[in-house]
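Chains: A, B, C, D, E, F, G, H, I, J, K and L, in written order; residue numbering restarts at 1 for each.
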Amino acid sequence: MASTGSDSDHVYKVIELVGTSETSVDDAIKSAISRASKTLKHLRWFEAIQTRGHIENGQIGHYQVTLKVGFTLE
Amino acid sequence: MASTGSDSDHVYKVIELVGTSETSVDDAIKSAISRASKTLKHLRWFEAIQTRGHIENGQIGHYQVTLKVGFTLE
Amino acid sequence: MASTGSDSDHVYKVIELVGTSETSVDDAIKSAISRASKTLKHLRWFEAIQTRGHIENGQIGHYQVTLKVGFTLE
Amino acid sequence: MASTGSDSDHVYKVIELVGTSETSVDDAIKSAISRASKTLKHLRWFEAIQTRGHIENGQIGHYQVTLKVGFTLE
Amino acid sequence: MASTGSDSDHVYKVIELVGTSETSVDDAIKSAISRASKTLKHLRWFEAIQTRGHIENGQIGHYQVTLKVGFTLE
Amino acid sequence: MASTGSDSDHVYKVIELVGTSETSVDDAIKSAISRASKTLKHLRWFEAIQTRGHIENGQIGHYQVTLKVGFTLE
Amino acid sequence: MASTGSDSDHVYKVIELVGTSETSVDDAIKSAISRASKTLKHLRWFEAIQTRGHIENGQIGHYQVTLKVGFTLE
Amino acid sequence: MASTGSDSDHVYKVIELVGTSETSVDDAIKSAISRASKTLKHLRWFEAIQTRGHIENGQIGHYQVTLKVGFTLE
Amino acid sequence: MASTGSDSDHVYKVIELVGTSETSVDDAIKSAISRASKTLKHLRWFEAIQTRGHIENGQIGHYQVTLKVGFTLE
Amino acid sequence: MASTGSDSDHVYKVIELVGTSETSVDDAIKSAISRASKTLKHLRWFEAIQTRGHIENGQIGHYQVTLKVGFTLE
Amino acid sequence: MASTGSDSDHVYKVIELVGTSETSVDDAIKSAISRASKTLKHLRWFEAIQTRGHIENGQIGHYQVTLKVGFTLE
Amino acid sequence: MASTGSDSDHVYKVIELVGTSETSVDDAIKSAISRASKTLKHLRWFEAIQTRGHIENGQIGHYQVTLKVGFTLE
């Protein structure tokens, strides 16, 4: 939310990901961040913009959280 | 988020529910799904569209999460 | 707007209604609440989400107010 | 869009449906209206609020259109 | 909200007006409709999209309601 | 969506129209553009901002599509 | 809605209040403005951003209107 | 933002314009206001609702700012 | 709209495309999906978020539909 | 979500806070409520309006949840 | 936009201000930040959420920019 | 805003970037466009969707403008 003081000349790219988890909303967020960090360096922040889920047999099968993820372009 | 491949001729109905919990946001979501599954078959997905809560004595008394819930019309 | 302190284990359903009135916006809201109370017990709150109206001969013929109405599921 | 002149004392209910079609957006809208008319009399208007679809093998498998549908409460 | 059954081949224009009143929200709506009807025939519907007001000496000086107003193009 | 390269000193006006059609969404868009072109020169682009329709006897009576239409002011 | 011509060097603060009334939407707006004027000088404008209410025994118990209220910082 | 105290019985019309400029966002706003003032008296306020631009050869060719512009109806 | 039951441990990426067509809205959607499938495997769903078009000589020159397109990250 | 039955003559103020936590979304909400209760009596409800976070070394460093918090004005 | 790495246990408050300037949009932003810094320490970030202005004699009299401003609660 | 007449069979991709500048909003926009043009050919248009900034010692440290940027897919 607050801005860093040291990167005033950077340009960031923002991508949109959907993380999934059978466990919780927080875990779905983590799954997307974890996946993104495998191929992208310099991840800086995320924003959760949608929380959905799949229902199976009257129970939540898995959560699906859509994130905006920002990272520094080198 | 992703669509199923097999139900291209179905019509779904979407209802709006508010689940509550003294424990957590996730638990409030589960309480609404659990209640809906008592009277509706074929629940398919949900979307959490609002997270609110009641404050008592300076602490969260209970969480209130508003959900859209979709189910197949037979 | 404020939450009740006593109903932390309830699930609510939210429906959408359009009330109409030849008289006023407030009266259109009342007409929808009045109609809903005929068939639904435990109405708890409403939110007015759209105010429209019909114009006849250069004057307002009737107001149409769309409401979300929440009630307790037993 | 335009209001009828004759029903100033009515109350309407608005429900949310998702129609699907393998053919087109318009056909998905029709499938939802057609299904609704089997169980509800006095359907009056709809609004399409979301257009989505499922992709299979690089092509559109089916369209999914979310509608608000309004009908007169008797 | 409901559509008329008879005007399927019409095109409507929608304009935006701000009505003001020292008295009430409803009266501000009426002032805008009344002014529009002086120069436009075939006004059909309105939607109130914003309600504001001016405060003078700690009291409401006047209400300002922004409306979309639709009319038939001949 | 993309901007033209040659009109950097132009001012555009944007108006709002509702086109109707008994046939399809696309045809409702065309009806509004066609009507606008009778009285306005230099129409440049449109955006469809709402798709609604009227239901008669359980079937779509006509589609109503609200458009923003932009044109060059001379 | 219109701007004053004389205060081009002012800074305003905007706060959010919820006024309540058993009587009407307009009265709920007035209750919030009246309360704000007890402790804040130089109130200048308001915008009503949400209209809700509490339902008791099938009737409106009280209206709750959320306002943005702007005032001049000295 | 602040309301004038003296025009409580006026009705305003709000139109939408797109101003363009090769120089800056502020200049695009000015170009639209300047063009509007050629044919409309009593312009009162504007709101910038969208800022876009055209890119040519990897640089901004011109800015395009969409404005709502309000003026007094006499 | 409905979620698949089998991919609870996947992460999806969502990209934004604009498809164009001289023919229809549906065809503009197809052109974007077709182009995306040339370079991306595992496309799963789309959502149409904006429908615009270019007007030439008073007629629609081409439609431009902005899509969100989701695909599985391997 | 539901309104209390007993406070129809109250005025509430709504403030915006951002709570942070290294642990979870729920904990970030609690941190903001806890901080607010140190200086404000009569906190009544909250709404979570944005969920963001900071990423450090490819993992979530801390969550940042923006809340609206309502309390009774005495 | 990016988050600081060192303040994971802070709570921020967000207030809404309107800065004005006869000169430019950027200057109106600066006027609000400058005013806020007179009475608030630890200002951290802002977001411009609305750009409006007053028109006098066919020219921009002053700009009015509404800002959210975040600061650390000690 | 206006569409080009010659590219009716193109597909565009839209990406999201955040440009930063210590100087001005316009300069932050330019920094993002300049960075994008280093690796992407055929940039066509942008839309500024959010303007934020970092505050240091009571003054604006740098501006951060989030852009959607569209370019032609070959």
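We take it that contacts are C-beta pairs under 8 Å (C-beta built on N, C-alpha and C of every residue); 3 or more make two chains touch, one makes a residue touch a chain.
Remember, it's a predicted structure, so these values are computed and weren't measured experimentally.
Chains making contact with chain B as well as with chain H: none in this assembly. By residue number, the contact pairs of C-G overlap by more than half with those of exactly one pair in I-L, E-G or B-C, and this pair is E-G. In this assembly, D is the chain whose CA centroid lies farthest from the centroid of chain K.
Remark: chain A and chain I have CA centroids separated by 22 Å (rounded to whole angstrom). Chain H and chain J have Cα centroids lying 37 Å from one another.
Counting partner chains per residue, chain J shows two or more touched chains at residues 1-5, 7, 12, 15, 18, 25, 36, 44-45, 52-54, 64, 66, 70.
Across the interface of their complex, chain K is touched by residues 1, 25-26, 29-30, 33-34, 36-37, 43-48, 69 of chain H.
On the side of chain A, the complex with chain I involves touching residues 15-22, 31-32, 35-36, 52-54, 56, 61-62, 64, 66.
Chain J meets chain G in the complex at residues 2-5, 7-15, 68, 70, 73. Across the complex, chain D meets chain I through its residues 18, 24-25, 50-55, 58-60, 64, 66.
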